[in-house]
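Multiple structures are listed underneath, in structure tokens.
Same chain, two partners: subunit A is paired with subunit B first, then with subunit C.
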Partner chain A sequence: MIRKMDGYSPLQIFIVIFLFLEGTAILINLAPDLGRDAWIATLFCTFIGMFLIWWFFFLLRNTNQRHIYAVLQQGLGKIGGSIVGVVYITYFIYICARDMRDFSELITNAVLPSIPLEWTTLCFTVTVIYVLRCGVQNFVNLFVLFGYVFAAIFVVFLVLVIADGELDFHNLLPIMGDGIGPMLPSTFTQVLEFPFGELIAFTAFAGMLYPNLSGKVMRASLLSVLAAGMVLTVTIIVELVTFGPSIRERAMFPLVSASRNISIGNFIERIEMIVIFAILLAAIVKVCIFAYAALQGVVWYTGKSYNSLIIPYVLLTAEISYYVSNNMSDHIMVGLSFVPIYIHIPLQFAVPAILLVFIKMRSRWRKRDDQTAV
Partner chain B sequence: MKRTYFFILILVMVSALDILCLFHNEQWNFLVMYSQRKKLVAACLLILVATVYSIVLDWKDGRNSHTKGSE
Partner chain C sequence: MTKPLYETWDELEETFELTFGKTTDFVKVPVLFNGRKCWILYYSSLVGSSELSSLLMLPFNLHAAKSENVEQFRATALASLNYMYINDWIVIARQLNKNSVCILAEGEQEALTVEIGGYAERSISEPVIQPSIYGPKIAFTESIVTNISILRRVLRTKSLQMESFDTSSDMVTGTVLVYLEDVIEPDLLNEAKRRIQSLEGKKVTTSTHLMKELRDDKKTNFFPTLMVTERQDACIAQLMEGRAVVFIDGSPSGIILPAVFQDFFRSSEDAYLPRPMMIFLRVLRYCAFFIALLLPGIYIGVINYNYEIIPINLAIEIAGLRSNLPFPSVIELLLVEAAFEIMREGSIRMPKIVGNALTVVGALVIGDAAVQAGIVSIVVIIVVAFTGLSSYAFPYYNFAFSVRLLRFIFIGVASMLGIYGVFLGCIILFAYLVSQRSYGYPYLQLNAKRS
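And now, the complex of A and B:
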């Protein structure tokens, strides 16, 4: 299935974006404030997410640059671009650390309760360092394999949930009982930024893998966001019909809880381990992509080789992941209150929008100058 | 020493962002968290390894460029 190739195929970016979006979003309680309407918000944000990936790639295509760090320098000048570029590296490392913490908390809470969080994180760190050191061509091919495994496990999970039969679709009713108004704030401050806005990480390297970001690549990316959004929506629906909105709101890892409830003939049980394995694959992809996005920035600013930078920056990510919060509930609280509004919105939407305006204005001024000179 | 300086810059910035997030969420006990022995030892070791690794690579780069220059 996986052909050896010199370049990268649209299938690869499809799977990488898909797993990136699933990453930790499938694990944690997405849009808990929205209760039974969480799936509608996710579905709605999927379409905005498709626009976002188009917009981010348009920024690269329109400027003929290969990554966002070069676009920043083109749009904001050398000093301004470098400052904002360093802020982006900081952002990618911080979000990478948060994702690493999500995964470590999952392992510590659900699988290995007697193993300290620090050890789990360290093991994950070593895996990430190894994957990144294999080089981009190899880890993208590895992620394609992860994609097939993830899809197979998801299908098995759905079949088992349906076979279990303990589904109450009344938990989804009334749909938008309080109208669309109360849904909007949580939709725009929670679901849109996480996970769809995080696609900004792809602007740090997508132009290098696919130099001209052709129509095929764009279509694959759009379809990938659509597929990932659909899978997230189905997952939330499964969580809701399995144990209702009130329990889902309180659950730390609702998907794991939903899979733990499955019992077919008192024989097929404890399938949460398979689900956790699938989440682990997606989490590795997400952490690697964020780390790779940050490393590309460091390579761009320092001019040092990529391989020599992997160990220090991934170790830094691990160190920050210890300190992002005291426990899982604080971690989720920070992720829902401060991070979306003060970190995600400026760096995912405001800066790219300002960049686009600056670049358009500069090109217009240049054209006007050329006409005046003629 | 460009690699090391840049690493320290990013370390300071990410730590500042982390503390800012904790402050905003009114987790005033972040110093208590920072001083938990197990976490502190693990974090210090990681940062020490990362910094020493960067310094050694920078020193090697410097030595190589010096050798090339003298040739």
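And now, the complex of A and C:
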């Protein structure tokens, strides 16, 4: 029986959030400073991440707005809201560019060393433009397909890693050897803000896809963050037990290195291409979601049509991704030291918190005004 | 309201020439109907002489003299025939073009047309394009009436409805839309009717032309959004799933609409197999799809950019085979692909007996001589042969075309970007598939229930 497309299902948001969180987090070296405790930090942050998505969606639900740009205007007034809204658009484009750069660096480093970075970035950009031009309903469906493929590849990868047998679980010991105190700053800046804090991008359009952000959609989102956190934790454990914390700390793309190590019967070797394919799928999702979040803001402020904005804005993002840093180590250094403190904290935590307070206070004032008027 | 058929009886001959022209197969016979003047009109090419004499002339001789008017004669002598009373020459012409005979008696304001038919037709034969082992050995023919009879013989239910689109409109060839009333969705039905009606005056005469007109988005259709079948059981299975079938006179196939991506991996044969076998075959076809689409591209990508991902022994072997070759691997692959496509195209056009010889010659020349001469490597031959073989694994012929075409795009992309290009190409391909629609149904049914 063939079926028509019916609205948006909770499954779709589950898979989109899942792939978004995997995005580049599964690719790059997550929390290198934490050494053998990186997985505990990730596990811990998963639960905070669940709170974060609840909080972000609560912000939309509580104000009855469709997206964060409208929430900003409601909370900060017309001019203040627009200024912060433009800051958010810039933020989304910047993070999108950083993710694009992450992935393009992977391609030039691990797949196509002979091809210049401009060329791989451009091809990636063309793909993103095409996917975005399909329209949100279609690309969300496409991401569902990606989700299945990603899950299949991840399972195959796990099976092969276990079958390979070169696992040394002593690499995980001692668990939290230095106590919980030294872990906290790095946990906050390196795991919580990236990838979990980036879920703020969903506030730019989730309310438009799902008018009712409670019930099943909420449960699917929470489960999705949980599943994504588990997958990230398992990935880090696999990386740690295959080559230990000291090598992992230095590896640029630890997951790719781990898959490169697999060798079964001298026949199944070098499966990193398949793993890179899975990473590519997740990276496309992440870049598309960030670009879509930024585009929604531009559409809302300028009133121009979505389709006419895709090409200039995605090309701009690609341009930024090329000039955002000189080389990979520079890129990672900025990503670990500068971005979390000066960009992520204000926009992921401070502004939403202030918004919530402002809106609460305004509604209380209004109530009080109403009461005094009566 | 409308003009009467004639002012005076004698001017009728002029009217005939005005309406029907001077075509030689138009027959007009003046007869006497119970003492009144009467014309019998028909196309000799559409009405068989034996049918005419047994169904019309014999009753005419027996009963005409006893009847007071044409209706009494029809009711007693032609009771079993499909009839119409018409007072408009254009409609009469249309009816005569649909195997009818017209009887116009003096003093009557309306002409009687009765359907006689009886021209030569091909009898029902076995399916040739889509043969099956267990399924019914019955294929559609060029006649709509026969095709519908083939369907109703199995689907004996009143909900099997059909609508003809040539009585009311100016379509030159008869077109019939068949559907199961209680299963089909009203939206689909209306859309199908609207599209067929919009063909009015376009002179659509063949099923390929009809398909071109009926499908969605006419410019960039890489994949077929309609299915063509000559099998009765395939048609019935689709009807039961709520789809519609369109037949056009003169084409031995039914057009099933809408069709989605997954349908092209389902053969009507599957219904006769046990479920595990069926799943196995489906998986096999999907594998064949990806091999036919991607294998040459992956080969190019691996050989040119990412040779490290193949096992070391195989890599050495391939490198050894390719060491003395004059061409770059892309040119080499394209040469063999071109030879293969030409051979395939040639063997379709050739008469069957010559066709075999052609494949033998082609295989010998391309396969053996090219390798021995050191122009292409044997690995490329294997890749192309495997790809070609895979592209024959689809139950529907028109689906293989899109795969053949897209394969070359993947080769081009892989030659520039290696495996990465193949990956990006796959993503764009599936983004394209996801955004395609067939009659409002998503082409890639991602959330569909298992059937």
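Simple rule for what comes next: the second predicted complex is superposed on the first by the 369 of 374 C-alpha atoms of A that agree within 3 Å, B and C clash if a C-alpha of one lies under 4 Å from a C-alpha of the other, contacts with A are read in each partner's own complex, and residues count from 1 in each chain.
Here, contacts are C-beta pairs under 8 Å (C-beta built on N, C-alpha and C of every residue); 3 or more make two chains touch, one makes a residue touch a chain.
This one's a predicted model, so the numbers in the text were calculated from it and none came from an experiment.
**Q** State whether subunit B and subunit C clash or fit side by side on subunit A once the two structures are superposed.
**A** Here subunit B and subunit C can both sit on subunit A without a clash.
**Q** If you stack the two complexes on chain A, which partner ends up touching A:86: first (subunit B), second (subunit C), both, or neither?
**A** A:86: touches subunit B, not subunit C.
**Q** Using centres of C-alpha atoms, tell me the angle at subunit A that subunit B and subunit C span after the overlay, to the nearest 10°.
**A** 80
**Q** Please work out whether A:29 is in contact with subunit B alone, subunit C alone, both, or neither, and reply first, second, both or neither.
**A** Touch partners of A:29: none, neither subunit B nor subunit C.
**Q** Answer with first, second, both or neither: which of subunit B and subunit C does A:65 touch in the superposed model?
**A** neither
**Q** Look at A:266 in the shared chain and tell me whether it touches subunit B only, subunit C only, both, or neither; answer first, second, both or neither.
**A** A:266: touches subunit C, not subunit B.
**Q** Report for A:73: first if it touches subunit B alone, second if subunit C alone, otherwise both or neither.
**A** In the superposed model, A:73 contacts neither subunit B nor subunit C.
**Q** Where does A:318 make contact in the superposed view: on subunit B (first), on subunit C (second), on both, or on neither?
**A** first
**Q** Would you check which partner chain A:326 touches, where first means subunit B only, second means subunit C only, and both and neither mean what they say?
**A** In the superposition, A:326 touches subunit B alone.
**Q** With the superposition applied, I'd like the minimum CA-CA separation between subunit B and subunit C in Å.
**A** Across the overlay, subunit B reaches subunit C at a minimum of 18 Å between C-alpha atoms.
**Q** Taking the two structures together, which residues of subunit A meet both subunit B and subunit C?
**A** none
**Q** Using the touch rule from the top, collect the residues of subunit B that touch subunit A in their complex.
**A** So the residues of subunit B in touch with subunit A come to 2-3, 6-7, 9-11, 13-15, 17-18, 20-22, 24-25, 27, 29-30, 33-34, 38-39, 42-43, 46-47, 49-51, 53-54, 57, 61.
**Q** Could you list, by residue number, the parts of subunit A that touch subunit C in their complex?
**A** 1-5, 9, 11, 107, 111-112, 114-115, 119-120, 123-124, 126-127, 130-131, 134-135, 138-139, 141-142, 144-145, 266-267, 269-270, 272-273, 276-277, 280-281, 284
**Q** What part of subunit A is in contact with subunit B in the complex they form?
**A** 86-87, 89-91, 93-94, 97, 116, 118, 122, 298, 301-304, 308-309, 311-313, 315-316, 318-320, 322-326, 330, 333-334, 337-339, 342-343
**Q** Using the touch definition up top, name the residues of subunit C that touch subunit A in the complex.
**A** By the definition above, subunit C touches subunit A via 241-243, 258, 260, 305-306, 308-312, 417-421, 423-424, 427-428, 430-432, 434-435, 440-442, 444-449, 451.
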